[in-house]
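Two complexes follow with chain A in common, the first pairing it with chain B and the second with chain C.
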Partner chain A sequence: MNTKLVYSGSPHIRSNSSTRRIMLDVVIALIPACVMGVIWFGLRAWLWLALTVISAVVFEFLFNIVINKKSFLQCVREFDLTSVVTGMLLGMNLSVCVEWYVCVLGSAFAIIVVKMLFGGTGRNLFNPAIAGRIFLLLSFTSMTKYMAVGDVFGELTIAAGATPLTELYTSGVANASLLDMFIGRIPGTIGETSAAALILGGIYLVIRKVIDFKLPLIYIGVTGLLTVAFYGFDFGMFLPSILGGGLMLGAIFMATDYVTTPNTKLGNIIYFVLLGALTAVLRWYKSSECVSYAIMIMNMTVPLFDRYIVNKPFGAHDKKKA
Partner chain B sequence: MKKNEFKNIALDGLARQNPVFRLILGTCPTLALSTAVLNGIGMGVAVIFVLVFSNLIISLLRSVIPDKVRIPAFIMVIATFVTIVDMTVAKYLPDLYSSLGVYLPLIVVNCIILGRAESFASSNKPVAAIFDGLFMGCGYTLALVLMCTVREILGAGSFLGIKLWDFSIPFFSKSAGAFLTYGLLLCAFNVIYNAVVKARKKKLYGDYMKEKYADISTEEVQA
Partner chain C sequence: MKANTFKRGVHVPDHKEITMEKPVVEMEQVSDYYFSCSQHMGAPASPVVGVGDDVKRGQLIAAASGGFSANVYSSVSGTVKEIVRRKNARGINNDYIYIVNDFEDRTAVLPSIEPTKENILNRVFEAGIVGLGGAAFPTAVKLKPKTPVDVLVINGAECEPYLNCDYRLMLEKADEVVKGVKLIATALGVSDIYVGIEVNKPLAIELLSKFNGIKVIPLKKKYPQGAEKQLIYACTGRVVKTATLPSDSGCVVQNVATAYAIYQAVNEGKPLYERIMTISGGAVNQPKNILVRSGTPIKAILDFCGGVKDNVTKLILGGPMMGQALENDDVICNKADGGLLALTEEEACRVEPSPCINCSRCAQHCPMHLMPMYIDFYTLAGKYDMAVKYGVNDCFECGVCSYVCPAKRTLVQSIKLCKGKLKEMSAKK
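Showing the complex of A and B:
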């Protein structure tokens, strides 16, 4: 009798998906955008991405070993790549012009304070990468200085700090062509500029059934349309406003994080509509990029969604009919 | 006043009922003023002064004040001393006065002072009330100075206004950083506090069991 019997309640269907596999898919989907970031911003971008990923993993291991008193082997066995995703997303959210310690501090804040202190994977209240980015935005002015894109392997020249999006909101015209915005030849953070690569990653995630294709579309659509509405139904605003800033990165990779979205389908749709509206309003009000702030504010409302929008249990019926 | 009672009051004020880290009272000035150590010390001394004297007066008047109107009466006493502090600081320390701003007159409605008047001074003798005010104030000041130290060193790279190094994380001197620092310090304080309490309980229990079974064990050994 070698068969091991497992007793458990229904449902008995098992799937092969695990946190590690989903996160591996996300890592693969992020790679095109990282490659484009390295192509446009040079080797420094590559270094910064590597630094955030490595420091995120190191901080997770350190926290598990020192505070949770786990052995190193146990940490390796439980390692589920979420910190790699957090590190990559944080790195993609940085400007190339930051100093090296900014990357490490951002990773430390994202992993230790936002993720591990709340209980680790699956228990964090905020998206760690978003919280890390906001922490750095509030702290270091170098976060808002962007590199002007020159030659592919050109030297680092720091631009005055206007992305096409801020230019669009302040003067009404984006300072780059739509094609440039689509392939990413614009100033911005390492990972946000190349809309094409981000969309490619998004399509991969949809095919692998990691994310629902409706949700990023709702987010992007609502933000774009509301921006158009705010500026007197000027439909020329639609494409620049969704391509020029961090909306693609935020909508496809950051807002769709499982932990910080509601559990139900209906809840998710309402959540993403509100997220899009909040992003459009904040951008219009502040005339600058506010995707990260909008996502962080909406993250706080997720427990409310889960409390009031609940799926009907199988077999449930109204009390009145019975 | 017995020595034991004195020890209890001191421990209550500094650790067991520390206003900032255990009772979570007076958080508004704690969060808003803790950007610089000098602010923290100034605020702490002002609070100690007001607490000691309001506790003394309220304790002396505890049989005179009618129960139904005790809160307005307490506020009158507290407001008197806050006005004295406010005017003194405005006259002699104008720099501190401008950096403390609205939080100095707001000591009147500070929960720590009203809380001590209500829960301690109005039911205890004057000497005990004075010591309670002193140690509660010291506990508040120490906690505030700890917050200030962390936030000033991290947020401005300086200590007591003296520049230590060029590196700083301005996040910590902003209001979001105040909440973060407060939360982390609260967590650290309570982890240490609970560990100490647990260790002490274990030790006390061990001593008690040793005493109780001392005779039996020696008899058993002999048998």
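Showing the complex of A and C:
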């Protein structure tokens, strides 16, 4: 036999899953919501999404080449689409009213500061897109100005920052019908408004076994029910509170990020219950959208979950009795 | 069909169709045989024949040194040429007795015995029988548990992909296997006998269900269904506590091939020197189930199966999940090896590991409910005591974590490294 054999440890076969495939699934799942964003907010939304994605990828490559001293080819080989997902999520979290450089700055902050400086893929403490959004929210007032929907190719008309959710919390009534909120014909960020498209993407992720369907349901359910409880058990609050703001996007795509969630099933369930509760409390206290703050705060607690909630080995349960 | 199983684990494409329908054929003899003195777990046996001695088939050539060891028998008749040191499959040097075959097959048999408890136990030890499920643990040791047992579980799960050696044995030698199982039960003094078989072998389930005195348990097709603790849980519902033996929970597990070997040793006086082996994989020209004499060079086995194709990337002794990759084909097959695979580039995934993305799939699928990502992390960081906290000592290296890992991390290697380092550390103390 002349062929050179590979000599390596077991197992010798591997499943066909890969990081790139998982991230591709997330990208595919995000596409419907992006399409809806473009339909409601016009081509400018498309441009902003493209800008955040491209700049996120460029910043990742630049960091790897300049700081990590990797060759361009190596970067291409190791390219795992995580920066594309970060770019897409960040773009979906922007209002179309922001200036172009806001998109680029947000990507730079998300990729360089939040992701790469902490060690790159899998080592970030916070979800880069969430941290990027919060950075922009604190820095640019245009982030909280939203465009009225409908004028796809028309001039940009800016409505002064009132998503149905803020309306709901300030005046008690959402300024849009449930159907509009479901399909996304409401003011908001590019990707958060269409609950239908986000749920569709979520179902795809569940079918592809990328996420556990229980976790977004827990998050959405806890937030909705607690909101109902805070407002004197007014069950009319339930649907507007989960459809009117960024909860769908946050619960299905941002909070379920593998890196910034606990590693055990039990830990995840507790984490998502607390996340839902924190979101409801912050929203009630601040009378405005707080999903991203809640996720960022809970991201900080993940190491604690992983430290104190550890799987017990099979057969370890009876140890104490013996 | 109602099927039992254990918690977690993973569905692996089994590729059993390649050799499932192929009846066992006896491999033709070759001229050179090498018998390792260390074909089992435990102390190596010491040679009892000298250079130039004439040996028969079934003659003792190396005697067990102590209780935790096993006798070695010649599988051919011929002359002892040399006692050499050469590398085994794991690359470790062992003593090998080199016998040149005279193709006469003069056969020696052990004297016939009454199948009483004492006699069976002695014969199992005398015949050099070891666990044929893969670990090659001396069976005589396992049949003398320190605590009383009330259940015998027979492993016919064969959860390793590609392998069909146990399946073909159950189909072709069902009578003998069941008699062997009853002999084990006599030796242990138990009457509760479960035979666990995965549902992808319906013919075997049907066939063995016809016998009285054994309960056939259909098991879900899931890897690692044939692992000792998982099998016990699936068949009896008992949970074997960590760091204890199955016998501490009243169970003993034996493989069907071991049961057959015990039948042959007790009823036919035939010591363990040959077994059924599956030769499979995409790079084998003629995949087969063959009866192989121990001590046969791997190269001869592959030649018997039409040789390997040019696109072979990996040779594996054993199954693809827990087997041993071979450096070259200059390796000898031992009496417990049940599979030989030649995999192509596509089958044997070779992807560089990338950073862990904390997807926790390894923890979700680990049949021992461990957290392999932390064991990997702390092992690579040199913090072996932290790896213990996440259960490295309970791992039996089934390979599920590495199999499911999307980042293709080499988790099992880390675990093996960690165990080695922990052993080193405890030896120093």
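Keep this in mind: the second predicted complex is superposed on the first by the 296 of 322 C-alpha atoms of A that agree within 3 Å, B and C clash if a C-alpha of one lies under 4 Å from a C-alpha of the other, contacts with A are read in each partner's own complex, and residues count from 1 in each chain.
What we mean here is this: a residue touches a chain if its C-beta (ideal position, glycine included) is under 8 Å from a C-beta of that chain, and two chains touch if they have at least 3 such contacts.
Owing to the predicted nature of the structure, the values given are computational and were not obtained by experimental measurement.
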| item | value |
| --- | --- |
| First (chain B), second (chain C), both or neither touched by A:Tyr258 | second |
| Which of chain B and chain C A:Phe135 touches, first, second, both or neither | first |
| Winner by number of chain A residues touched, once chain B and chain C are compared | C |
| First, second, both or neither for A:Val113, with chain B first and chain C second | first |
| Which of chain B and chain C A:Thr19 touches, first, second, both or neither | second |
| Chain B versus chain C as contact partner of A:Ala316, first or second or both or neither | second |
| Chain B versus chain C as contact partner of A:Ser8, first or second or both or neither | second |
| On chain A, the residue positions that both chain B and chain C contact, one per complex | none |
| Interfacial residue positions of chain C with respect to chain A in the complex | 7, 10, 12, 161, 229, 233, 239-242, 244, 299, 302, 308, 310-316, 320-329, 341, 343, 347-351, 354-361, 363-364, 366-371, 373-374, 389-391, 394, 397, 399, 402-408, 410, 412-413, 416 |
| Contact set on chain A toward chain B in their complex | 101, 105, 113, 117, 135, 138-140 |
| Chain A-facing residues of chain B, complex | 167, 169-171, 174, 176-177, 180, 184, 187 |
| In the complex, chain A residues that touch chain C | 1, 3, 5-15, 17-19, 21-22, 78, 80, 82, 119-123, 258-259, 261, 263-265, 310-319, 322 |
